[in-house]
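What follows is a pair of complexes built around chain A, which joins chain B in one and chain C in the other.
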Partner chain A sequence: MRFYEFEAKQALARRRVPLPKSELARTPEEAEAAAEQLGGPVVLKSQVLSGGRMKAGGVKFTDSPAEAKQAAAEILALEINNLKPAGVLVEERRTVEQEYFAAVTWDTRAKRPVIIFSDMGGIDIEEVAEQHPEHVARMHFSPSRPFPDFSAKLAVANVGITGGALNALSRMVAALAGAFIDHDLTLAEINPIGRLDDGSFVALDAHMDMEDEARGRHTALLDELGIDDPEARKARPPTQFELDAAANNDADPRGIAGNLVEFDGNIGLIIGAGGGSLTLFDAVRAAGGKPANYCEIGGNPSVGKAAGLTKLVLSQPGVDKVAVMMSIVSNTRVDIVARGVIKGCIEAGRDPAEAIAIFRIPGSWEEEGFVILDKYGVEYVDRSVSMHEAAARAVAKVAG
Partner chain B sequence: MSILVDRDTTFIIQGITGREAVTMTRELLDYGSRLIGGVTPGRKGRDVHGVPVEDTVRAFTEREQVDGAVVAVPPAFAPDAVNEAIEAGIKLIVVVTENIPRRQVAQFVEYAKQEDVRLIGPNCLGLISPGKTRLGGVGGAAESTRVAFQPGVIGVMSRSGGMTTEIANSLSEAGLGVSTAVSIGGDAIIGSTYAELMPLFDADPETKGIAIYSEPGGRAEYELAEYMAESGSKLPVVAFMAGRFMDEMPGMRFGHAGTIVEGRADTATEKITNLAAAGIAVAERIEEIPQRLKERIEQIEGAS
Partner chain C sequence: MAMFIRVDIDDAVRQDGDLCKQLIEVCPVDIFTLDEGGRVSTVEDNVDECTLCDLCTDAAGDGVRVVKLYRE
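This part shows the complex of A and B:
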């Protein structure tokens, strides 16, 4: 779950990381008042959960409150990568003499957190690492022991920084690492850190991602930051179809029939489980099919849950048939899924034999499942027909 | 032969009285695994399908040899359960639990490494050496597990528990069979990666080839490619990469917690290129895996 810049900065302010003065505005009038209060030139930044703000026109520099109002109106109306801004951050504009990069993230290969620091901030760090490796320092630290402040110092010193700057920057990096650990973040980044004309350092922009699995442990922080709907923090906002599928999944604790993502296609997919869904979605596309959705079923969902999902997928405009496919199941019961998808078809007013392009779920309770499918005339295959072959047959049927 | 386990491997299940674990217990006993006990705090003196339950791991380790532990407790308690097993001296731990935050995973992974403990998972279905034993629910009911996992010569490593069975089934149908299959887990940080298990397969005289199931996200495939280049491993490896469509959708999470495209390097396309450059064949469909392995094995055997 990604934080907005203003939220990430609040989390840093709690740790005494120096920041430029700023205020969040939700309307052009609020932006005007904020600029008035800050006095002098300001920068206005779209609060949107997407990179590339500057390029998209989501960042503007102004010299008067009137200009700030106008700029805020433009930024608030601007969607970036289909995401609406939550507001505009109005921030005092300072003279920056040099920019630095600091991040803490997981090195999944070393299985440890790593500090990444560079004295060439503000630009794409991957590019800097390729072209100027001596300007990028990496320092791993133990996830178990209390954070060792010296590893922050080492990261900064390793790019050749000394004097007062070393101490000021080390403190900022240590504070960033503290936030990373305490809040179960998967990324904590300040880019850039600016050295101002008076020699002080401030965090000019900040980016934080909290691990979804850990959200429940950080309700105090989330409350303080005013984050009440973490589900909305996706790479793109959920569609109504996706929200309906999530409601269907949440209505019954037994098993999973969810994680639905909408696509612009004509073949409905009832697929599972985790890896099986990825494989089958690829297989449908490789056979020339256009999926209307991605989803995951597994963990032995109830009849009602499978029925609800089937009904929902069949209700999508342009979707005439669904393909019901999984990798070989062990704890999910074939007969229960069969009952569910048939029930869903009937409730949608459809003949299961015609609405189900293919049923390929081999595994536990398959004989019982096949009896039910026979009864309704639904075409099914067992494990001797591969996932890719089953997907190809479904695509051919939809194409007619 | 097999890796990590054999017919005599004794183990316990932590969290044995949970609903899923009770089913797993039945399936493991039916399969012939030497499941000697279970732990659930406060349930000492009970039994699950005849398997005795104790309050602590030490209650077992103090009186008999315990080679392994399967951790199947809820995510909030799983890290402590893993630490308890490590502290009690158990050297093979399979963590089935999913949704454990990665900081805690990294903590017990670090502890396990310090104590020379082999950790599999989390968020996995365990491992199986067909005809010998199985730790974890991979394959499901004993009877259908015997169909999908026939004893043979291919080592399997998979980030997906379900796809472990699908791939094993294709190998069994083709007459190759499986030496040991490991569901390594779908999280961003796991106890044992492909590259970390490869030396064990290399040292196993009966494993003649490797099948891996892979997904976008993370760097485990690069680590494997490097291992293959540097170790001089003679085993042919065939990989299957799922989630190719995700390349077009950076930042969206599909399937497992570790499956998300965050940069250029963790896309399916980049990984396929990298694997191929390391001499690892990439199959387009599951059913191609046995055929490509057969060809590679015949080449190698013909040359020697």
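This part shows the complex of A and C:
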């Protein structure tokens, strides 16, 4: 769940992270009043759950309240990546001498949170890491112990910062890490931190994402920030395809056949097994395939539920075939999924032997499943064929 | 229309009220129901959901047969 910048900054303010003075405005008149109140030049920033605000015209600099009113009217009317702004943040404009980057996120390979810090902020951190690796420091820490402030200090010191700047920046990074841990965030980022002409540091922009499943643990924070509809906090609104998949999943409590994300490829995926679905998605891409969707199937969905998902995926424009693949499963019956996907094909008016590029679900009741697949002429493989090999075969079939 | 499974029920079972109730109770995917005459019948939409658990055949013996159409 994403937070707007103004909300992320409120969360940081609770941790005494220094911030520029700002006010949220919902109308041009409120923006004008805010600029009047702040005095001097201001920056107005669209509060939208999307990146690329600057390029899209969602950030404007003004020198007077009248200009701020006009700029706010333009920003409030501007959709960025099809998202309407929740308001405009009117913020005092400060003279920045240097920009820094600080973030805490999960390193899924190390299976631990990692602090990422750079003295080259304000730009794409991946670009900095590639071109100036000596300017990026990474420091892992344990999520199960109290955060050691020393880790923050090491991260900052590792790019060569010393003295008072080291102390000030370390406090900000430690606060960011504290927010990350306490609020079950998947990303806490300040980019940029600005060093002002008086030598002080402020968080000029902030970005926070909370783990969706953890929202129930943080109702106090969400209430305090006035977030009444967490479901609306997606990076983009769900497509009709995704909504239909969610409805198919919700209509039957047995297992999962949903969590679908739409892409613009031509190979439909019916994939599952926890991380297996991510692996399989990557395997299709690695084989040169273009997935039409990501999804998750597992936990023994009913025949009807699997059929519904199959029909839906096959209904996508440009999708002629689906690949049905999982890792080795013990909590999902192969024969039930086989029945479901075959039924889905037939109800969609398709020949399962043609529409199913490959079926690779080894596990419980696979012998029974293979008999069903044989009956309908569907190509299947067992566990002796790797997920990557199965994905490559499916991609080759789709390519014709 | 069920594609994979067919459930055959003997008349003797259909007319046994207690057994009918037992079939409805044991089936985990609601394949059995009572018709207007109080006789047990199958819910067509649910037949393909059969998990092959054999609870119905345990209850009714030879009076109920679960046929795997894909093996015919």
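The working rule: the second predicted complex is superposed on the first by the 237 of 400 C-alpha atoms of A that agree within 3 Å, B and C clash if a C-alpha of one lies under 4 Å from a C-alpha of the other, contacts with A are read in each partner's own complex, and residues count from 1 in each chain.
Heads up, the rule we're going with is that a residue touches a chain if its C-beta (ideal position, glycine included) is under 8 Å from a C-beta of that chain, and two chains touch if they have at least 3 such contacts.
Keep in mind that this is a model prediction, so the values were computed, not measured.
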Between chain B (first) and chain C (second), which does A:303 come into contact with in this model arrangement: first, second, both, or neither? second
On the A-aligned overlay, A:279 touches which partner chain: chain B = first, chain C = second, or both, or neither? first
For A:371, is the partner it touches chain B (first), chain C (second), both, or none of the two (neither)? second
Residue contacts with chain A in the superposition, chain B compared against chain C: B
Check the residue A:346 against both partner chains and state whether it touches chain B (first), chain C (second), both, or neither. second
So, A:74: does it touch chain B (first), chain C (second), both, or neither? neither
Contacts of A:336 with chain B and chain C, given as first, second, both or neither: second
Let me test your reading of the model: by the given contact rule, A:181 touches which partner, first (chain B), second (chain C), both or neither? first
In their complex, what parts of chain C are in touch with chain A? 3-4, 29, 45, 48-49, 51-52, 70-71
Would you tell me which residues of chain B are touching chain A in their complex? 20, 23, 75, 99-103, 106-107, 109-111, 125, 137-141, 144-145, 148, 158-163, 165-166, 169-170, 173, 186, 188-189, 193, 213, 215, 218-220, 222-223, 240, 242-246, 249-252, 254-259, 263-264, 284-287
Applying the document's contact rule, which stretches of chain A touch chain C when the two form their complex? 302-304, 333, 335-336, 339, 342-343, 346, 368, 371-372, 375-376
Flag every residue of chain A that touches chain B in the complex, lowest number first. 106, 108-109, 111-113, 126, 142-144, 181, 184, 186, 211-214, 217, 234-236, 259, 261, 272-279, 281-283, 285-286, 294, 296, 298, 326-331, 363-364, 383-384, 386-389
